[in-house]
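What follows is a set of structures to go through.
Shared chain: chain A. Partners: chain B in the first complex, chain C in the second.
What follows is the complex of A and B.
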């Protein structure tokens, strides 16, 4: 099962290496990882998406909370939360099918941010499921490049 | 106030009560050595950084207090890694201070530059790269607090050379920080523990290193007597409860007495105190104590549920937990269970053939114990001799046994014994070693000779990597490979060359008398004990098998002796 783990850490030298090292050293896989400052510049938030059963996730949370530079690690999947990911998709297009691709982008409320003769770049924002659906629909046109931020999330309320 | 980074370190080490620091100087930590020369700290010059790390561990393991070691950058730091990793796995409080190339040269592949910070992330409790001398005023006290708080562990402080030289002004010296208060058990947890105990008919108490570090042995004995339960120990829990206690079963697991593993298998309640269900202790974890409810008490919440799902998990200091529990727990005699455990112990004991012959493994351990009037500090290396000592030595006090349990580091013994002798000058320190292990840090014989420490090395010499040979015999169709030493060094001559007293029991007309003489000599003394070359440590649970499937468990005779 997928879990979205939110980790508040001290914004200090080497913290990312400590967190990433804990995952690799203990054999846990990271699906995505996004890091940035919070409202308090001395604190960063890491959003880590992992797959695993409850026991694995429990162990991940315990190991994270044991780290000296971790302020708090929680599993957001256990509560209602909002999650978003930003994706840039460069799609191969021709004069003929460009219109179609733009229509798909529109349906997903995503933006066309660059157009060239042979390609078109879409910026899409959404939850994991929405992004997956968009990628699936655009695949047949030819995805030339794909860049994603990894998911970020906060608890509701 | 004005001081250089190096002076700040030296002064703060003094403020933290550090009297000895083992280590080796080099280009990148010379400012620190200069500052320490002017302090009250006595530096112990090791002959290899790993030796220095294990000397510090010997001090920390003997006293329970955080010890410090020094190494220079690059190879100094990489040589130290094994000792740091060893401290991590056995939860030993250690602060390692390493020199680093000057800040401006970091990342340029400078001479003797290595990413000590990156290398030590997975093997420390925490680590620092100090980027300004003023930071040391926070980092050093924090390093001690982290190393010593909760479940202890090693901390690395990497200090670039120019930071050591950087002079900073500050208002006052920081005081040592208080250690974190251990979590206390809740009233509900105590109530549930009581309930599980009162329902149990066949309780067993398992103790580990957490009982030693919490100094909770007396409470464990009270619990055992109150609820009429036997006690089994992991390798690192040995000594917390005296071996002579009638309910003490000794070591559990891979080389435990058959009866000990059978008793745990029959338990309907396991009270696991400060132990982490290590595979050497549990065998195949899913078949360990299959019919038992589990109360697991540990300071480190990561251990709760990591290997075995406990019925009741208590994140607490073992001593606090037992103190609370004993206030509430009413006596529960369990005569049938006691009878059953006595029966199993009588039927499936640990047999110790050759126990009166000082040139046989068990005899060597037991005769040494007999000959000493006062209980010594016992240090081991890693291998067969380590298991024979764990099985046979009559332990009588906590922190008596110093052994590399988690990492299983050959070469641990000699430097750890030197550290123990420095920390406990009132005690004799006996190191049982093997000919494979001793060679891995034999250079520290020079350090011991220089210090004149009261270390007695008993070398169980079988000219083999004995435990490897044993596994090849038992699990690899006796296809022996790389486990026999074809060249056998003259260890007695080597020891003498290092300035030690040395003797060879193999040439004695009365080995026990020679051993007695050796043990009564002052200063470092070496005893070569040629033991039979192909004796196995029995019983043995094959790696990955359940603990009740022991080789040599039923008809326990030393077939290969």
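What follows is the complex of A and C.
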């Protein structure tokens, strides 16, 4: 099963690598990871998406919550939550097909953030499924560069 | 100086923790880190933002480019590039001040993605500075939850 794990940690060096290591040490591959400061610069939030056995994830959560540098770790996939991801996509375009690419971007309510002679850069936000659908539609034009943030999530209500 | 490092890596377990460890091992604190799959599911892109000595960062880049699991590592802060970050913000609101919070969200072209009796959740995309300004304006209402992705970047042109 997929797990979306949100971990509040002290913003100290080594904490991030240590926590990422706790997953890989148990043979888990991290599908995505996003880390940023919170409103308190001494605290960061990590959002980790992994696929794996429920019981093992539960064990890792317990282990996380015992770490000195971890303030709180929760599995958001256990409750209703809002998930979003951001992607920057640089697509190969010509004067001829540029319009087509912009139309696809519009349908996905994404934004053109840069235009060059041979390329167009698009910023898109959505669920993982929406981003995947957009990438799939743009692939035939040629993806020159792609950066995605990995998912972040907050509990609903 | 600030460095925005983009690393294409093989999507294998342990790689992420190993690379994060290369920075913390040299005493660098990672300001933000975003990792997501590329159009090729066997390849992930990590975007790492660090502050630090230019020469040490250059050494780390060289070291990264020598790793078997690293396809390419570049310092995007050395070239013109586009940077974006995504944040989800859950703000404490009452029936009285909800309008005010929505107005602030509108000014920042951010989107209300959830409304509850006592809260509003906002999705915003922008440069690090824009996100910081938004957080600063919303702080007085009370931030209940905040998740940010960390920055991603692509080279311009």
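The working rule: the second predicted complex is superposed on the first by the 157 of 157 C-alpha atoms of A that agree within 3 Å, B and C clash if a C-alpha of one lies under 4 Å from a C-alpha of the other, contacts with A are read in each partner's own complex, and residues count from 1 in each chain.
Definition applied: a contact is a pair of C-beta atoms (placed from the backbone, for glycine too) under 8 Å apart; a residue touches a chain by one contact, two chains touch by 3 or more.
Treat the numbers as computed from the prediction; the structure is a model and nothing was measured.
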Of the partners chain B and chain C, which touch A:55 in the superposed model: first, second, both, neither?
-> first
Contacts of A:107 with chain B and chain C, given as first, second, both or neither = neither
First (chain B), second (chain C), both or neither: which does A:21 touch?
-> both
Kindly classify A:1 by the partners it touches after superposition: chain B alone (first), chain C alone (second), both, or neither?
-> neither
In the superposition, chain B vs chain C on chain A residues touched = C
Considering only the touch criterion stated at the top, classify A:63 as touching first (chain B), second (chain C), both, or neither.
-> first
Regarding the shared-chain residue A:13, is it in contact with chain B (first), chain C (second), both, or neither?
-> both
Using the touch definition from the top, say if A:32 reaches chain B (first), chain C (second), both or neither.
-> second
Check: chain A residues flagged as touching chain B and also chain C 13-14, 17, 21
Of all residues in chain C, which touch chain A in the complex?
-> 6, 11-14, 16-17, 20-21, 23-25, 27-39, 45, 47, 82, 84-88, 90, 113-114, 116, 119, 121, 123, 125, 135, 139, 143, 145-150, 152-157
What residues of chain A sit close enough to touch chain B in their complex?
-> 13-14, 17-18, 21, 25, 55, 58-59, 62-63, 65-66, 68
Footprint of chain A on chain B - complex, ascending = 117-118, 121-122, 125-127, 129, 131, 146, 300-302, 304-306
